[in-house]
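Written below as structure tokens is the structure these notes are about.
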């Protein structure tokens, strides 16, 4: 479904990802794990078209997307929940969700989808008139995911959904990720520092170090790999 | 009491004029964080375009109403075109540049546009055709408030309402607010940010053009330099109200207009601007983000 | 330490070199270098460009006849944008290029700033427009002449006209805070007060370029003034006059020669009717002025602008002086200018000891039927 | 992009500009005579001109892209400019400085006093730029009213000279000190404002100072200004005009050297580091125990001090000042010098001042087009080099094995 081949990208004089190759097939959950600054977020931003790539190619459903504008990429069905959530602070919860459906015109189905995300996260329904900036961290994460779902993505990119959240909330979020994957057949690309939790819901995983993919394999094989256990799982 | 009312109405009219220009500043600032110094020049170009079109039409003997409408539309079209082009040339390539670079680019653009109009047209003051007639029914109160004041007040009020509705409820308006609050995220939900920024410049320029037409017709003359002082004042008004905030720009403009009017009326016009700027300093000392500006919540 | 030492050495060397320096002799060229300085760009260009045209007309004629005593006149045109700090650069540039006489500058502030440079270089300067008093009256600039009367003559004319001619006693004096308008207004205020009959009920400055002047007009109304004396230029004057008409004020409006400009009538339109303005004495019947205007129309296909007559007169007077004196030596030129009358568009003039043109004064005009007409 | 496609694009852009400039360039009306002149030829010029400029830009862009590509292939290190390399190498730097100084010293002997005068003006702006650079470049405080302090210095000298016949050298420190006090007075209430609010307040302050000078006639002689200000003397020696110009020139050279020396030391001082840290992250700074307010105030008053000093020089140089010399545009030009040169970079500021002040003077040949060109150049410079002509180089410390071994 999504394929990255020899992708290079960076900011100014710094090359954040040097050579990234990875592939996702329809319906999978894959995870990209790595340390701070390894190039995880840059990879996602390159896919979304926010950070232009310097070399290589990115294709989605056999179409090159690396020269497309971010809005065209969203239109094709790739949606991202960025690191730090990026809620529109002065828009209400409702308006934040409306923004998620920005490119859609089917009012009726939008209404249905709103009901659907409220069923996933009932707390958001209570807060629908409140400004996004006033929500707690966990609620913001829920809102960010809901907003992304409003675009009915085929591929959902999640950047560190567990960051800064309480363990109980993290558990809930990961459960819902799995649920989204199963219920909607949404392909999920999960970037995490919390490797243990991520690998437990993922089908396959990649490990990135200094802008290069160093390991890849099924989630189970990664969980068993001793190097990875030492470096990322804290075992 | 009459004197007070006269000064009050004069101040409100002046405030309304500032508001039309200040809105462009505040919208552009809100969305890309740039003090668009060339905005005053866009206003001047709007006034010039309407002057040229109106004079040509009146020479060819068009009726007044047609002149007003065509001149107004032409001013809006060309000012917007200039606003759009200026953004594409001078600001868009600088999106990721250090913060002060677009500011210098804006100052350069302002100098350029002034001299462009000076050279292509003239350095002389030109008489602006009287597009707003003196209404007969206004005659009894004409010594207090003129017809053009009324037209300015009504137009500004209507534009404010339309703008508020557009920003609050339309797709473009929502996209503008989203882009202003978080540009990266706006991209990620599928907003074409470049197009929204262009739209902001176009709307801001259109408002400035209407301002240009109204003010030029009210004052009765224009030259290439009118944008500079009006621009600085409108910018002051926008900051006073809290830059980036649309109701703030309107409130700031009214406060500024009233302050200047009363300062002239009750103290001395020598220090009119001193009062205006002192008020600004005072308000910012006690409310560092302006009257209606939202204090920036910085997360650490 | 080593660095410090070398720096000291350099400083010492610099001072020494400077002391040795002597300005190189200006090479005697085979042309007469005629400087023209004033605002040729920027917002005040419309005051400076007519002088350039006037000088061109006169000098082209002289050159066509073979120049003065076999020497052609070469024009050096420099822009000072009416700014004092730029005017000093302009003046230095002209002086270092070996200019021998200068027509200009136009604005008083720029002229005052530039004069010491010309004075030290002993170069004759003649302005068609700089009216500030000290230029001639202080006696500090023996090389300065002008074809326009000083403010000292203008302010009393306005005050006297309002109080004695029109018989109005309550006067509002307004100015544009500028280096031209404010001293004029102050002079008018003093003249009204010294006259004893009139009373200044309001004295204020307005901000040029402000979006509207309704507040000050309301204030004039509130003060009960019967006449407004305005010191400043025509853009502000026309805005105030229009606003006064809009507010249905019947107060008389009297202003200076910055307003006595056809542009004022063009811009203010029918609101200009009845406005009084002081201006250089009427030259519309002067044959040379009419001829000069025709020349301008033929050469530039437009009507001459502000200070055209004065600039034409100044150029004529300077050219005449160079011819009669046979050199561009300041003292020789001064002698001719002070002793011999010359026919110019502003009359048959010579200059007094201080540098003001004799026989150039002010008269009062009123806008009647779209034209400035002399008030008898 | 194919040539045909580019051609179409160029054509489209030309058409757009022909439309854009249509009312202003083509129609000229005389509202009094009621004549309309249609200047269609201008439309043609704009069209052809735009088309050519478009292709020129495309060509330049193409070249730039190529060089970037070949550059990234070679190495990922950013390429250093020649100037950076010279600065980095102390030996080359000393030679360079020596040559520059020599040129500066003999300059008046090869040029007219006009050239010297213009150069003096440029040098004044070098110092002004360096002063503002402390505030904007180092401490990151956007100041749009810098000219106010310049005015304070100029009026200090003009008034003291006029009323008490105080000499240039006596007033020089007074002018600077007074400006610094004004800086503190302004800085005290406003420094807690965030970036752009600070900018507009400083702009307002600049205007207030100018308006007071304009209106308070009893104090400042109002708009008529103060004339006959004494030129600087040299131990009681008086100069002729030509020598005075040259004397001032050398004086400014000296000032520039002293300023560079001090600013350079400041940059490396504790204070300088505090400013830079403050510019980067205020909150982190406070957490590190930097007194934010005091540090900012020092930056503000130091910047003001330099403006005051140059104000005194300005008054002495023109011998006439009035409030019209201290408008907002002046502040904007000084700010442009700092940004154009490259924020925070001393060499950059010097270049910026020379370019921005000398350019309009030498563009005089273009007479009425010079301000148009000035505006266009400002925009073009920013678009093509937003980091400034010479961007600030961070001091890097390289670990050199051989050297460290030698030390042992």
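Worth pointing out:
Chains: A, B, C and D, in written order; residue numbering restarts at 1 for each.
In the analysis below, a contact is a pair of C-beta atoms (placed from the backbone, for glycine too) under 8 Å apart; a residue touches a chain by one contact, two chains touch by 3 or more.
Computed from a predicted model, the values in this text were never measured in an experiment.
The minimal number of chain-to-chain contact steps leading from subunit B to subunit C is 1. The most distant chain from subunit C, with centres taken as the mean of CA atoms, is A. Looking at contacts between chains, the pair that accounts for the most C-beta pairs is B-D. Subunit A and subunit D have CA centres that are 46 Å apart. Remark: subunit A and subunit B have CA centroids separated by 42 Å (rounded to whole angstrom).
With centres defined as mean CA coordinates, subunit D is found 33 Å away from subunit C. Distance between subunit B and subunit D, defined via averaged C-alpha coordinates, is recorded as 29 Å. Within subunit A, contacts with two or more other chains are made by no residue at all.
Counting only residues that touch two or more partner chains, subunit D has 31-32, 215, 368, 371. In subunit C, the residues that reach two or more other chains under the touch definition are 41-42, 45, 177, 205, 266. Within the complex formed with subunit C, the subunit D residues making contact are 31-32, 101, 105, 108-109, 112-115, 117-118, 121, 214-215, 217, 222-225, 227-228, 234, 240-243, 245-247, 250, 253-254, 257, 314, 317-322, 324-325, 361, 364, 367-368, 370-371. Contacts from subunit C toward subunit D in the complex involve residues 7, 10-11, 13-15, 17-18, 21, 23, 40-42, 45, 77-79, 83-85, 88-89, 92-93, 95-97, 108-109, 112-113, 116-117, 120-121, 132, 134, 140, 177-179, 182-183, 186, 205, 266.
Those residues of subunit C that touch subunit B in the shared complex are 41-46, 177, 204-207, 209-212, 214-216, 218-219, 221-222, 234-235, 238-239, 242, 246-249, 263, 266-269, 271.
Interface residues of subunit A facing subunit B in the complex, by the touch rule stated above, are 48-50, 69-71, 74-75, 79-80, 82, 86-91, 95, 98-100, 102-103, 133, 147-148, 151. Remark: subunit B residues 29, 33, 35, 45, 48-49, 51-53, 55-56, 59, 74, 78, 81-82, 85, 89-90, 93-94, 97-105, 107-121, 126-127, 129, 232, 235-236, 239, 243, 270-271, 273-274, 276-278, 280-281, 284-285, 288-290, 296, 298, 300 touch subunit D in the complex.
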